[in-house]
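Going in written order, the chains are labelled A, B and C, and every chain counts its residues from 1.
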Amino acid sequence: MNGDQMHALVERLYPICRSITGDGVRRTLEIVGEHLPLTVTEVPTGTEVLDWNVPKEWNIRDAYVKDLSGRRVIDFQESNLHVVGYSVPVSGTYTLEELRPRLHTLPDQPDLVPYRTSYYVETWGFCLSQNALDALGEGPYEVLIDSTLEDGSLTVAEHVVPGRLPDEVVISCHVCHPSLANDNLAGVAVAVALALKLKEPRYTYRFLFMPGTIGAITWLARNRERVHLIAAGLTLACAGDPGSLTYKRSRRGDAEIDQAVEQVLEDRPHRVLDFSPYGYDERQFCSPGFNLPFGGLTRTPYAGYPEYHTSGDNPGFVTPEAMEDTLDVLTQVVGVLEGNRTYVNLSPYGEPQLGRRGLYGSLGGRSDTKQAQMAMLWVLNLSDGEHSLLDIARRSELPFAAVERAAHALLDAGLVREKA
Amino acid sequence: MNGDQMHALVERLYPICRSITGDGVRRTLEIVGEHLPLTVTEVPTGTEVLDWNVPKEWNIRDAYVKDLSGRRVIDFQESNLHVVGYSVPVSGTYTLEELRPRLHTLPDQPDLVPYRTSYYVETWGFCLSQNALDALGEGPYEVLIDSTLEDGSLTVAEHVVPGRLPDEVVISCHVCHPSLANDNLAGVAVAVALALKLKEPRYTYRFLFMPGTIGAITWLARNRERVHLIAAGLTLACAGDPGSLTYKRSRRGDAEIDQAVEQVLEDRPHRVLDFSPYGYDERQFCSPGFNLPFGGLTRTPYAGYPEYHTSGDNPGFVTPEAMEDTLDVLTQVVGVLEGNRTYVNLSPYGEPQLGRRGLYGSLGGRSDTKQAQMAMLWVLNLSDGEHSLLDIARRSELPFAAVERAAHALLDAGLVREKA
Amino acid sequence: MNGDQMHALVERLYPICRSITGDGVRRTLEIVGEHLPLTVTEVPTGTEVLDWNVPKEWNIRDAYVKDLSGRRVIDFQESNLHVVGYSVPVSGTYTLEELRPRLHTLPDQPDLVPYRTSYYVETWGFCLSQNALDALGEGPYEVLIDSTLEDGSLTVAEHVVPGRLPDEVVISCHVCHPSLANDNLAGVAVAVALALKLKEPRYTYRFLFMPGTIGAITWLARNRERVHLIAAGLTLACAGDPGSLTYKRSRRGDAEIDQAVEQVLEDRPHRVLDFSPYGYDERQFCSPGFNLPFGGLTRTPYAGYPEYHTSGDNPGFVTPEAMEDTLDVLTQVVGVLEGNRTYVNLSPYGEPQLGRRGLYGSLGGRSDTKQAQMAMLWVLNLSDGEHSLLDIARRSELPFAAVERAAHALLDAGLVREKA
């Protein structure tokens, strides 16, 4: 799946009105399912999940504010951002003064419509641009929200690429945002593209497409006995904006996933942030009881761009090139995770004679020692059972790939063995 | 006690001739005792205290160098700095040449009289300005030091504010310097003011008013079996000069007192110094056998201002504002020590649902997350039994007070418990 | 041995054609043996040493490329660099075209002759300047290498200065390079000079003069049961160029030798490099099975100067002053190793009374506290059995010598004892 194909997927998913439950999520997963086989689980309203309960299911068909002439001055059909997510049904006539507390705008970005939700407090409201609000007369207005908030279920989906090991690498994307492209349709598209690239991996790869917070909590509640199998995890979001990549470390701070992503990012402009308990679902995976090795990968992080959580985050804001760049980094991270091992030098007393094994240039005295030979010397020197190839790459300041190739050459020569 | 009242106390104490023993210390403690009930202990000359012995007691009534006309060219009545502390009695006639080895001046600060003592080698001498020395004729001079150096006792005083815990916070001030205002009458005045502010604290607070070195050694010798109760300690000195605050870390370097003071100082100009075995009585409290968590708080540190140990360190050198600022920092440090706890998250798997407990803003999607909510998330995430609120404040870069408020809210909601 | 004498030794050794085996090494060791008694060991060809085997012995008497007029256009007699080290015997007639793959030059340094060897792949060749190569006609040429490559032995030599302790400090120099002055005749000369300075030391000092790599491997193989006695080690190379000193840390990174050399270098321009598994024989001593506390001392490190491994590295490139400077640093390092101890404060509760033991200035109140007194306070404070004098010097930022003097004074006063 190339950048254009990822962008096309973003555009196709964009109009759907998603929320943390409901048919918008289901329709989104159907489309993802055209690319990847998904295991979809419906968890009924009221199910206890960790400290939470699965909420009622929300669905919406239409919503508007009409003036006396019948013109929709705020229209859900035009953009699903116009309705506060999880708005209860309403039908009635209101003056502007009565409506005003329920109308959300961004005074500092007067052209943009904000994204607002109210999942756990039953209310209703509309979002619109400040300019649109300023243009409204006193009313009265006919107001309709044709929604339902009823017992139903919450939907989570998984795609698994089985590996040789039961240990898992988890990529998690939230699918609960309505018409917002970077947050998080770009993440979904890149995850799909990554899943399609994996062929007979060593680790088992699990892709999670779930609503934010409650989705992760539901999944964790249902998989509590299995999470010890998670060797590495990433939440993937904001994967398509033109900014450079940002990695947020896991709560552990120096897990293999942290080392791997930082190693890959080293060669390009990027930022690394320490863990903080805000952001995406790494919050849940890194809660102290689980403390899983989960980092977060974004381009510009949440709330870091003016279009964040507004109608400005549309498909024009995300680019094929940016999504390809994110995919490229993820592919390299997978490569590092797949290749990282700890080896034990079987000839640790002095250097083994590389020359007679064909591993060393024969003409001595030259000063342009090659990277490949340095990598072999580093692997031999640090393969005391305490250093992984990632540790060696970091310490030697050599590319991971060079270190990995050196280790394979030494393995083939019988000079190292993999640590049990 | 406000800044003006502290300054008035400094002015009242200033003329008294203090030393490491004698009536000057007793008179000083009487005046302090007008503000705070003190337990005064007299320890007889000769008592073995750790590696030391309590010295003879020194008292002085008068001292002068008179010229032939009967004019006092050096006069103890004018300033007690004019006599070397612990000078033995002397009475006789001396030429300037004979006197000169016993006359101490500051050639680089020719207007100022130095402060000199000789506690453990019996001698006598006078201190005067270089200018005054330069004006002296050849003599002869009539010289008198009407002092006594005899068996007596050393005086230490304590004021205790009992707390709910037997564990103690100790504030120690030296009271052995004669007419020197910043070193250490300002420290005494600020300590008095702090003691007056404490109301039913959690920790027990112990204020020590003692001569430097031998006083601390005597107190430690007499309290050897109790020092394990000291949870935090500070020596307080040079508390009134116009410079910014300086914190010198304990020998441990990362004790709770170190974290607390550094946290409080973060918001204002300040310096932090690593421990060194010189300075004030933290030297004794941090000797390797005790290794107590004692830091040192000063404004400009010892020997760091030109007036140090000279007649320039007079009440005009210390200001009500500076003493109030020192008191403010100490009050905040006490607040941090009182409030610091380690909590355990009782809902550590995923985030608990703060919303249904009224702890979280209900309208999602907004990017201006409040400090209070971040503080709650940080407390929940790091309350794994390994992190105190001070640790959390440091890691989150949030004010301690915000972290503490968050912890209390979570405690009230039953989401955390105090670590046993 | 002063700088001029060291330089004279370099000049005397320079013309000898050394390699990893053969009479050139033996002749070199004879000359070193005129200054120091050496124990010379011959290890026969074929002996298994760790992962290696002692190679055949190489000797050479003459070599040339002659044109038809009989003129030697490349002449071993002029410089032994002209022959690739370990070249097999050859005799025949070759055109330039046939010869060219066997002719090594430095196109970027057209005046210089490179140094090349081929120890473990049997071949032959010549080295010459690019300018000389450019001047050659098409030939044919008469080619002779009058060498032998036969069973024999490898030569290693040791000089031991016995100390009071069986624990050893090892200084290792490679002696396998032919006419190259800085690499490593300067190192040999400085090592000889250092050995001559040692008088009844505490540690036993062992000087190793061995061919690089295979020599160290041979020595390690023969001393495997004794290497645990090595308390500190240094490889010494490039000891005479005009650059500043460079210390390369041991694999451990914070061994006593690392601390000692860094302490001594602090006062002069220098560089410190982390360990890497390339360079001189610290590679072997720091292989993970041995992991000995071996650092590397050079001036400009290998491959760091344009003359490296070329005919430019001649006696004119090394200076008496540079060798004296290297010797001075080594002498100081020895001083630190000899003097470093861990003491235990016998009076750890409070400060002991230094004054009554004559260890402290008697007149108090002065602000110009002397370094000697600070050193005593630091030694007392940190002598808890966990800190060596080197640790104390580093922490206090005082010169090692001051700290050592303070410790001796405290030892004499019975205030500290050496840690068992």
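The working rule: contacts are C-beta pairs under 8 Å (C-beta built on N, C-alpha and C of every residue); 3 or more make two chains touch, one makes a residue touch a chain.
Quantities reported herein were computed from a predicted structural model and do not represent experimental measurements.
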How would one label the connectivity among the chains shown: line, ring, star, complete, or other? complete
Taking shared numbers over all numbers used, above half giving same and below half different, the chain A and chain B interface sides are different
Whole-Å gap separating chain A and chain B, where each centre is the average of the chain's CA atoms: 54
Roughly how many whole angstrom separate the Cα centroids of chain B and chain C? 54
Contacts with two or more other chains, residues of chain B listed in rising order: none
If you look only at chain A, which of its residues touch chain B in the complex? 50-52, 84-85, 114-121, 123, 213, 216-217, 220-221, 224, 251, 276-278, 283-284, 286-291, 302-303, 308-309
Sort out for me which residues of chain A touch chain C in the complex. 345, 347-353, 355-356, 362-367, 369, 374, 377-378, 380-384, 396
